[in-house]
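When the chains are written out, they are named A, B and C in that same order, and each has its own residue count from 1.
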Amino acid sequence: MSNINLDAKIPAGALEDKWDNHKFSVKLVNPANRRKFRVVIVGSGLAGASAAATLGELGYHVQLLTFHDSPRRAHSIAAQGGINAAKNYPNDGDSVKRLFYDTIKGGDFRAREANVHRLAQVSVNIIDQCVSQGVPFAREYAGLLDNRSFGGAQVSRTFYARGQTGQQLLLGAYQALARQVHLGNVELHNRTEMLDMVMKDGRAVGVVARDLITGAIHSYSGHAVVLATGGYGNVFYLSTNAMASNVTAAWRAHKRGALMANPCFTQIHPTCIPASDEFQSKLTLMSESLRNDGRIWVPQNAEDTRSPEQIPDSERDYFLERMYPSFGNLAPRDIASRASKRQVDVGKGVGPIKNGVYLDFDEAINRLGAPVIEERYGNLLQMYERITGEDPYKMPMRIYPAVHYTMGGLWVDYNLMSNVEGLYVLGEANFSDHGANRLGASALMQGLSDGYFVLPATITDYLAPQLGEAPISTEDPIFKQAEAAVRDRTNQMVAIKGTHSPDHFHRELGKIIWEHCGMERSAESLDKALAEIPVLREQFWNDVRVLGDTESFNQSVEKAGRVADFLEFGEELVLDARRREESCGGHFRVEYQTEDGEALRNDDDFAHVSAWEWEGEGNEPTLHREPLVYENVHLATRSYK
Amino acid sequence: MTKVENAQRYVGAPQPAPAKKDGPFFVMFWRSAVGKKWIMAVTGIMLIGFVFAHMLGNLKIFLSADAIDHYAEWLRTIGYPILPKTGVLWILRAGLLGAVVLHIWAAASLTRMNRAARPNGYKSPREYVAADFAARTMRWTGIILTLFIIFHLLDLTWGQTGVKDFKSGDVYNNIVNSFTRVPVAIAYIVANIAIGIHLYHGAWSMFQSLGINSPRFNPWRRGFAIGLASIIAIGNISIPLLVVTKVVK
Amino acid sequence: MKLTLKIWRQDGPTAEGRFETYDMPAVVPDMSFLEMIDVLNERLISEESEPIAFDHDCREGICGSCSMMINGIPHGPERGTATCQLHMRKFKDGEHITVEPWRARSFPIIKDLAVDRSPLDRIIEAGGYISAPTGAARDANEILIPKEAADAAMDAAACIGCGACVAACPNGAAQLFTAAKYGHLSLLPQGQPERWTRAIGMVDEMERWFGSCTNFGECETACPKEISIDFIALLNRDYIKAQFKNRRLSGQKS
């Protein structure tokens, strides 16, 4: 165990002044000197693309790596519902303070006050920035921006572009990035997957990556390394994440010394389309904005086999409205998800395999008319019809929770720098802002906040003292060793020539984690998972079958590498869940619940960030704790009743 | 990796055509495919105008021999006496020739570009949804039309195809004598079907190429194209058809 | 369902390709097309032959990765649907399905069904943006945008960059892709200052890689987001206008 000081470097001053104070106190880099600095950014989603574009605009030299064929394909693109900002355009009582408070509370008091407040402050700039880039947010007839409300909030602060908000925001960032590529400030390396991080003298100095087209292993060095590589939801195999989303970049950095914080904080999204069969490779999320106008219910009688429209209102149980009268169908995600799960668990599930609950637009269609509903949710409803073959204008939709977002991630301080000097982590890949549960429409906000506004302001503090130093050459032995290690590991997987595909192991891992460390966790289930995962990992390394060679485009090689990392990471996730002896947000331990089944926090023992340090294969990682100090909010029990 | 290196990243990586060199605006314009399509649309409108007027004039054959002969004579004397006889006619002819040359040149050049854009085609049959027969056969109907124009000039302008008693200016008799030959009548009918097909796509397509676009009249474009193509084709076909069937003698 | 698949296999960018035929004895109608390929790939791996390479990611029809020519139509027979959202219930029992990669000079095949679509990025880089450096923005509500304009821009902005328009076009043209991005930006007030340079920049770059638009309209029917070719008309018009209105030309020596 090394001597790690988890200093979050939270600036002094009143909460409202911290960010300003901090920006004033950091060292700056003179515009003429910026081109002398090289920054390696991995990932081209909202956080990565916005950071690369902004650093490019400022004059830094950026190398951007993405394993996608184009930066525009990053999974941020799939976010549907919207992006929060404390603009208070609707005049319904919103403010920076309220967004800050809602986020802290929504996160069940497991996020850092200072970071969250900064996020709320910056949120207003994000909207301005995106509009100026041409993001076509929804408008009122007078030309002003439209807002909608979202889960976990009692104000309308969510900006949206039909059901494609993530797409439009990402395209905005991607276009800004494309401009910098054109100007030569950003070098874009598409279809290039980071497979290791390189450190020298305790600092992150570059990464090693595989050219996915040719299989060649290359190094990229810079004065700083930025990871914006998304979340690890695919550790559950079935999730709403894209097929290629993975933990590899973060995990490689972790194995080089970066701490992994709160991996057990995973979010289950309440409104996904239930799996239809065993072949399903991924689940499809439908924006929870649907909960604005849709009502969630199950038949009161579990034996009710009538089709939904024949069940009279009096025999339906609108369970969210019943249990949480003030928030109703807009209760936060974790609460709504668990409520749905319980209905299904007691046999009230609907659909052919009784694995969902109804989300019904009937009342809204009667009240507003089908055209309004189509205007608001048309593409979501169309998507539902395409996938299920059922018409949601006539039949209530069936929904069920699925893994969607991961609040945990690499530990970062207020500057978004990890405990490894020179390694910055942005967006979903870090743990910073959402605590134990993320509010809807806040992921986009965080990704863009980190990339457009936070990193460009904080990275100067680390770069400025390095003026005059060239980045470490990629010919340096330290890079050559790392390249050789990556090559060996890749070749090793191909050489096993076992009997099962990488997907097989991924599926098995997902089953273990979903079963034992999913929506509800217990000491017993977690211990089971801790016993099973190493066995599966052992099997993987003896029995995986990766066909083809490593010297060309080979998706099996890519997949195998990602699964291998999930097999290590999954264990740490479960361990974190085991050690967090409380329920909070997305982490629900059955041992710790109130009488009516809500999460029971233990603020005395667990008001901290759990940051894990890798101790080598076969050794238990070391737990470091960053205490969470609340000076501005009162730790209350979340109540959405 | 910069863009240049991208092109060398692997054997077979996509290679762009060289960037256009700077030049006078009309040269730059001609070099761009959008510009060429614009020119095709503008020359297409000129040619449609000509074909339409040509058809209207020729339909005078159904009034009387005098009517069409008189019309033909009028063509030679437009603008007279301020311009010499046939002066305007030659200006029109020059304009038409220029339009035809530009139209064909642009088409040929775009065809080359488009062939190069997919040197290695699909190996299984395509299932076209929107690209109709007319659109897909523009090149072929275009070639048919070019050949037909040459034949038509040889036939009724220069009298080189053995029309009985060919006499320049004796339009009515020349037409009747030419079209009573069944193969010639068939050739005219086939060529005019080709004109109809070519115009159908062209008359719709020109709106796109020129960027004339408004939701108000977009639904009419298709109808306009069908109407115009049908009127011209039917009008033109009626002459050889009625001559060869001895209705017009 | 029983299906027979004929799938294009090609080992690398310069290798010769060939069709291979696979019997699928038990396809579930609720499967998506890609899930069916997943099942086939699992089987191929168990038979020790290399799985079929294909691009895919979000499987929600938004990332634009998937790219298959199915029975001669990009993304298959269902209109307005990307391959990943195409479900097997749209096919008939016993059907033969042929799958090919996109084909165009600027979309070389990397392997099997995966192609390199990076030239589309080059078109965006050549002007498909609004230059709005971070931090320079004014308040979002100071720019009034009529709802109709925002909606029309959104219609165009829905493009997912999959390249189906190029694949569908008998000329291998990328006009719909270019026009969609151009239309999105140029219908908005924020996009006006760079409108004419954008038209010239994007069109000129596009023509370095792709064929020309001759108004077949095939792209529109293949587009999984059903983007209208009206945007192509807008692009064409603006390209012509840009020859005269280009502010770079005003009052400046060439």
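Basically, contacts are C-beta pairs under 8 Å (C-beta built on N, C-alpha and C of every residue); 3 or more make two chains touch, one makes a residue touch a chain.
Owing to the predicted nature of the structure, the values given are computational and were not obtained by experimental measurement.
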For this session: Draw the chains as points, connect those that touch, then say whether the picture is a line, ring, star, complete or other.
Result: complete
Seminar exercise, completed: Comparing each chain's Cα average against the average over all protein Cα atoms, the nearest is chain C
Exercise. Using mean CA coordinates as chain centres, what's the subunit B-subunit C distance in Å?
Worked result: 33
For this session: Quick one: report the Å distance separating subunit A from subunit B, using the average Cα coordinate of each chain.
Result: 59
Seminar exercise, completed: Averaging C-alpha coordinates per chain, one finds the centres of subunit A and subunit C separated by a number of Å equal to 27
For this session: Would you please write down the residue numbers of subunit A that are in contact with two or more other chains?
Result: 188, 213
Exercise. Where does subunit B touch two or more other chains at once, residue-wise?
Worked result: 10
Exercise. Where in subunit C do residues touch two or more other chains at once?
Worked result: 12, 116, 118
Problem set entry | In the complex with subunit C, residue positions of subunit B that touch it | 3, 6, 10-14, 16-20, 25, 28-29, 32-38, 110, 113-114, 116-131, 135-136, 138, 201, 204-205, 207-213, 215, 218
Problem set entry | Residues on subunit B engaged by subunit A in the complex (per definition of touch) | 1-2, 9-10
Exercise. Which residues, counting only subunit C, touch subunit B once they are in their complex?
Worked result: 6, 8, 12-14, 17, 19, 69, 71-73, 77, 98, 100, 103-108, 116, 118-119, 122, 170-173, 203-205, 207-218, 220-222, 229-230, 232-240, 243
Problem set entry | Complex contact set, residues of subunit C against subunit A | 11-12, 28, 30-32, 34-35, 38-39, 41-42, 45-46, 48-51, 53, 55-65, 78, 81, 85, 87, 89, 110-111, 114, 116-118, 120-121, 124-126, 128-141, 143-147, 150-151, 153-154, 157-158, 160-161, 184-185, 188, 190-191
Problem set entry | subunit A to subunit B touching residues, read off their complex | 184, 187-189, 211, 213-214
